[in-house]
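There are two complexes below, and they share chain A, which is joined by chain B in the first and by chain C in the second.
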Partner chain A sequence: MASLRLEHISKMFGRTTVLDDISLHAADGEFVVLLGPSGCGKSTLLRIIAGLEQQTSGTVRIGEEIVDALPPRERDIAMVFQQYALYPHLTVRENLAFGLKMRKEPPAVIEARLAEVAKLLEIEDLLDRKPKELSGGQRQRVAMGRAIVRKPKLFLFDEPLSNLDARLRASMRVELKKLHRRLQATIVYVTHDQVEAMTLGDTIVILDQGRIQQIGAPEQIYQEPSNPFVASFIGSPPMNLIEGQIRCVEEGFEFRAGNFVLGLPLRSGEASRLDGKPAILGIRPEDIALSAPPTPSVERPATIDLIENLGADCLVYLIVDGQRLIARASSVPPQQAGETCTVFMSFSKFHVFIDGRRIA
Partner chain B sequence: MHMQSLTRAPRTQADRHTGRLMILPMLVVVSVFSLYPAVDSFLLSLHRWFLGLPSLGRPFVGLDNYREFLQDPIAHQALLVTAGFVLASTALELLLGLGIALVIHEHFVGRGGVRAAILVPWAIPTVVASQMWRFLANDQYGAINLVLFGDDIGAYVPWLADPWSAFGIIVLADVWKTSSFAALLILAGLQLIPDDLYDAARVDGATAWQRFWHLTLPLLKPALLTALLFRTIDAFRVFDLVFVMTQGGPGDATQVIQFYGYKTLFTEGRVGYGTTISVTVFVVILMLSFLYVRMVGSKLLERRAT
Partner chain C sequence: MTRTRGEHVLLWGGILLAVGGSLFPFLWLVSTSLKSPIYVEAIPPTWWPDGSLVFYRNVLFEHRLFDYMINSAIVAGSTTGLALLVATPAAYALARLRLPGTAWILRGLLCVAMFPQIVIAGPVWRMLERLGGLNTHWGLVLPYVALTLPLAVWILATFFNDLPRELEEAASIDGCTTGQTLMYVMLPLAVPGLFTAAILTFIYAWNEFFFALLILTDPAKHTLPVGIALFQGEFTMPWGEIAAASVLATLPLIVVVLLFQRGIIGGLSAGAIKG
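Presenting the complex of A and B:
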């Protein structure tokens, strides 16, 4: 295994900038998830790491070695593709052995590795089948097996679970996590699914429009999103974002959006600079409570627009001083849709963004 | 897999009736233009009939014509020439077609133009192409001689007068004309191979040659077999090239079986025996077709299902 370091990677297709100055580091054994909406450049970045695509500028290091000039076969990486890309004319056994054969490994070594991987992934019974005789989940295992059997320095996963149905995806996710723990492998994993990112990643890299929006541990990304994009991209339902203005008042600061006014816990040193600035206030649905929380909070009267019962918890669609907010409640509130209630919002859970950056 | 997913809605009696009505015109056309001539030819081949000698009538002779065919050394020679032509032209066309297909499958500036240009020879009518090659191979003003020997007129070779070179020129003309057809079929096969597989193979460590040998060729097998089928059958029926360029000569060096049949029937007026030769060609091609369809057909379906 090895670490991976990307330094100022940019990629242009013609005049379109697909990736803009991407720098990141994956430590030896780290599970890094590249997360972003489709078209954000995450797959292109993965292909650049693999050597399937050449960056316009910047450097890729695997271990200590600069690999920019090396073709994929000399980078000692393995990749799992979204469509699995299993060789349709070869049996599972031949698919697994393909890479080792191409590298002219002795048959005894191939045989031993094959047995090891087949056992690890529990695909011993499938070895003599062709890919078309396998289910989606089985193909997925074989595709992973083909990567693992080579014992590469680095694993690259390109949305490997996106072709599976929801139930299978959940179970494969758990297996992947176990597999990572067992192999202690360095993994770069591309996905647009935030659940996969949150559950699998040691580090999440959020990409949008070819730029890194934030790099951080899952909790950090969730609790301290660095800009409104990250705030709205992570979390389901997404964070409530209200566009308004910062005002300097006698008691400190307040956030104002039409009739919606909230006092803000900002340090007063920033006073003059912030006064009158347009700002975005963010509150996660679970930070809006329908009963008084133990922490200091503001309360507001609200009208209930709609209640969605999800079973484990429920979503309450509210109108607070003219603003539409979604709250997540652990139990169905006693009020009906159309009735009023009181909501509580903790000061410490406010997210404030000015000029696209987080300030609190 | 796909076959099963296309489950049929239950048909009513009226539906079946409409269905039959709709295929009726096609059945009529096929019967009049294919079935009737084939059956009639077979019946003709069981008779002795000389065109110029009506007084002899058209006696039924059973399989006499076929017995004669089995013992006719000229027919055997013609079959041999045909087999040689089929082998040489099909092999060269598939090889060249594969090469062309691989080139025009790549991305490069002007690919569309090259693809169109490649198809030009195939679009030219065979008779015109044959005439052109006859000119090219001419012993006095042929371009082949000009390119090879320039002003040295003494060295000019009468290509179509030598048995081997005449055969070679005919193969060359056929290869020139139909390689692009093979290329087209093979290109279609190439386009069916997902790019992902090549990416996977590159990451797996396969060199360009290994990718060609372990991925492209095996995955191209159905397309190659299809091209082989079409080219073999076409080559076996070769007639116009020979008719225009050599009339089967020099001697019987380029007399392919179809041309021998034509000569027997129309020049010599031996309708019964000439038809026997045609029927034989028909049967050989029919068997070839069955063989290939059994070999290729199942594979093609299998490929679709993945």
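Presenting the complex of A and C:
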């Protein structure tokens, strides 16, 4: 296993910038998730790490070694592809052994590793089948086995679960987590699925339009999104974002968007700089309550537009002073759609963004 | 969908016409080859042969059909082998290299394949004369390879194009060089394409007449089509022998095609549906 360090990686396709000055570090044994919408450059970044694509500028280090000039086969990495890319003409056994044979490992070593990995992934009884005789989940296991069996310095996963149905995806996610704990491997994992990112990653790297938006632990990304993009991208349903203005008033600051006015917990030292600035206020659906919370909060009358019962909890679509907000409630409220209610919003859970950056 | 009676008649009529139309000459040939000499040109013609094998005995023992067959096998076999040896890496490169102009190279190849043979016959003859290739089998194999290459490259390039790029990437990460990727991953998957290209090349070389007649004048070197064509004398037309020899000349092709039928059909319909 080894660490990975990317220094100022940029990639142009023709005149289009796909990746813009990406720097990040994955410590030995760390599970790093690259998360972003499609077209954000996350797969390209993974392919640059693999050596399948050449960066326009910047440096890739695996361990201490700069690998920019090395072809994929000399980087000692393993990759699990979205479409699995199992060799269709080879049996599972041959698929697993292929990389080891190419690296001229002695047959005894190959046999031992094969047995070990087959047992780990519980694919022992599939070894003599061809990929086309396997189900999606089984192919996924074999694809992972092919990576694990090589004992590479670095694992790269390119949306490996996106071709599985929802139930299988959930169970494979759990297995992947266990597998990582067991192998202590350095993993770079690309996905557009925030649930995968939140549950699997030690660190999440959020990419959009070729730039890193935020790097942090899942908790941190969720609790303190550094800009409106991250705020809206993480969380389901997404954070309520209201565009408005900051105003200096006697009691401190307030946020104003039409009829919607809220006092803000900002320090007064920033007063002169912030007065009159356009701002975005973010409130997560779970931070809007239909009954009084224990923490200090503001109350507002609201009209219920729609109630979606999800079983475990429910989503309440509200109109508060002309703004549409979504609240997550643990139980279905007594009111019907069209009726009014009172909502409580916790002060401490407000997110305020000015000029695209988080200030509170 | 249900068909009306009229549509049924049309459909089956069409099928019979197509199959019958293409099979009839060959069946007539087979029938003729199995007749006794007096029935060959009998009027009215007899449809059912009397089962005489005299023509077969004649072509095998009085003519040198067996030698012709060996010559043809050598020429067609070498042509096929050489053409594939050159076409495979060429097609792989054209299908996979991200170079500008690969599409134009492929189109250019197709144009070359469309030259009428008579146009290049003279230059080819002169070149072979210089090289000392007249009246040699390799002298015939050389133009055959050149003429069959475009088709072989096209077929194989189509095949390589259809194989997912991820497989090559997986192979390169697994430790393969480009050559090893071609050898261990791409070629085994392109086997139907290889079969198709091989069969079409082989059939071309086996049946080709014009260059064979031009380049090989020594009767000992003749290939089947030329050998059979030269059965006829100035005043004689030995229909029965020609028929028997033609049947014998066709048999190896039929056997080969039937053996590889599945692979070839897969090959000819490549790209039609996602495999």
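General observations
Operating definition for what follows: the second predicted complex is superposed on the first by the 360 of 360 C-alpha atoms of A that agree within 3 Å, B and C clash if a C-alpha of one lies under 4 Å from a C-alpha of the other, contacts with A are read in each partner's own complex, and residues count from 1 in each chain.
Just so it is clear, a residue touches a chain if its C-beta (ideal position, glycine included) is under 8 Å from a C-beta of that chain, and two chains touch if they have at least 3 such contacts.
Computed from a predicted structure; not experimentally measured.
Overlaying the two complexes via chain A brings chain B and chain C into a clash.
Shared-chain residue A:71: touches chain B and chain C both.
Contacts of A:347 after superposition: neither chain B nor chain C is touched.
With both structures placed on the common chain, the touch criterion links A:131 to chain B but leaves chain C unconnected. In the overlay built on the shared chain, the residue A:89 is in contact with chain B and with chain C. By the touch criterion defined above, A:52 reaches both chain B and chain C. Within the superposed three-chain model, A:98 lies in touch with chain B and with chain C [touch as defined at top]. Overlaid on A, the two complexes show chain B and chain C touching the same residues of chain A, namely 50-52, 71-73, 77-79, 81, 83, 85-89, 98-99, 102-103, 146, 150.
Note for the complex: chain C touches chain A at residues 164, 166-167, 169-177, 180, 184-185, 188-189.
Of all the residues in chain A, the ones that touch chain B in their complex are 47, 50-52, 71-73, 77-79, 81, 83, 85-89, 98-99, 102-103, 131-132, 146, 150.
Chain contact summary for the complex, chain B toward chain A: residues 1, 194, 196-197, 199-207, 210, 214-215, 218-219, 305-306. For chain A in complex with chain C, the residues that touch the partner chain are 50-52, 71-73, 75, 77-79, 81, 83, 85-89, 98-99, 102-103, 146, 150.
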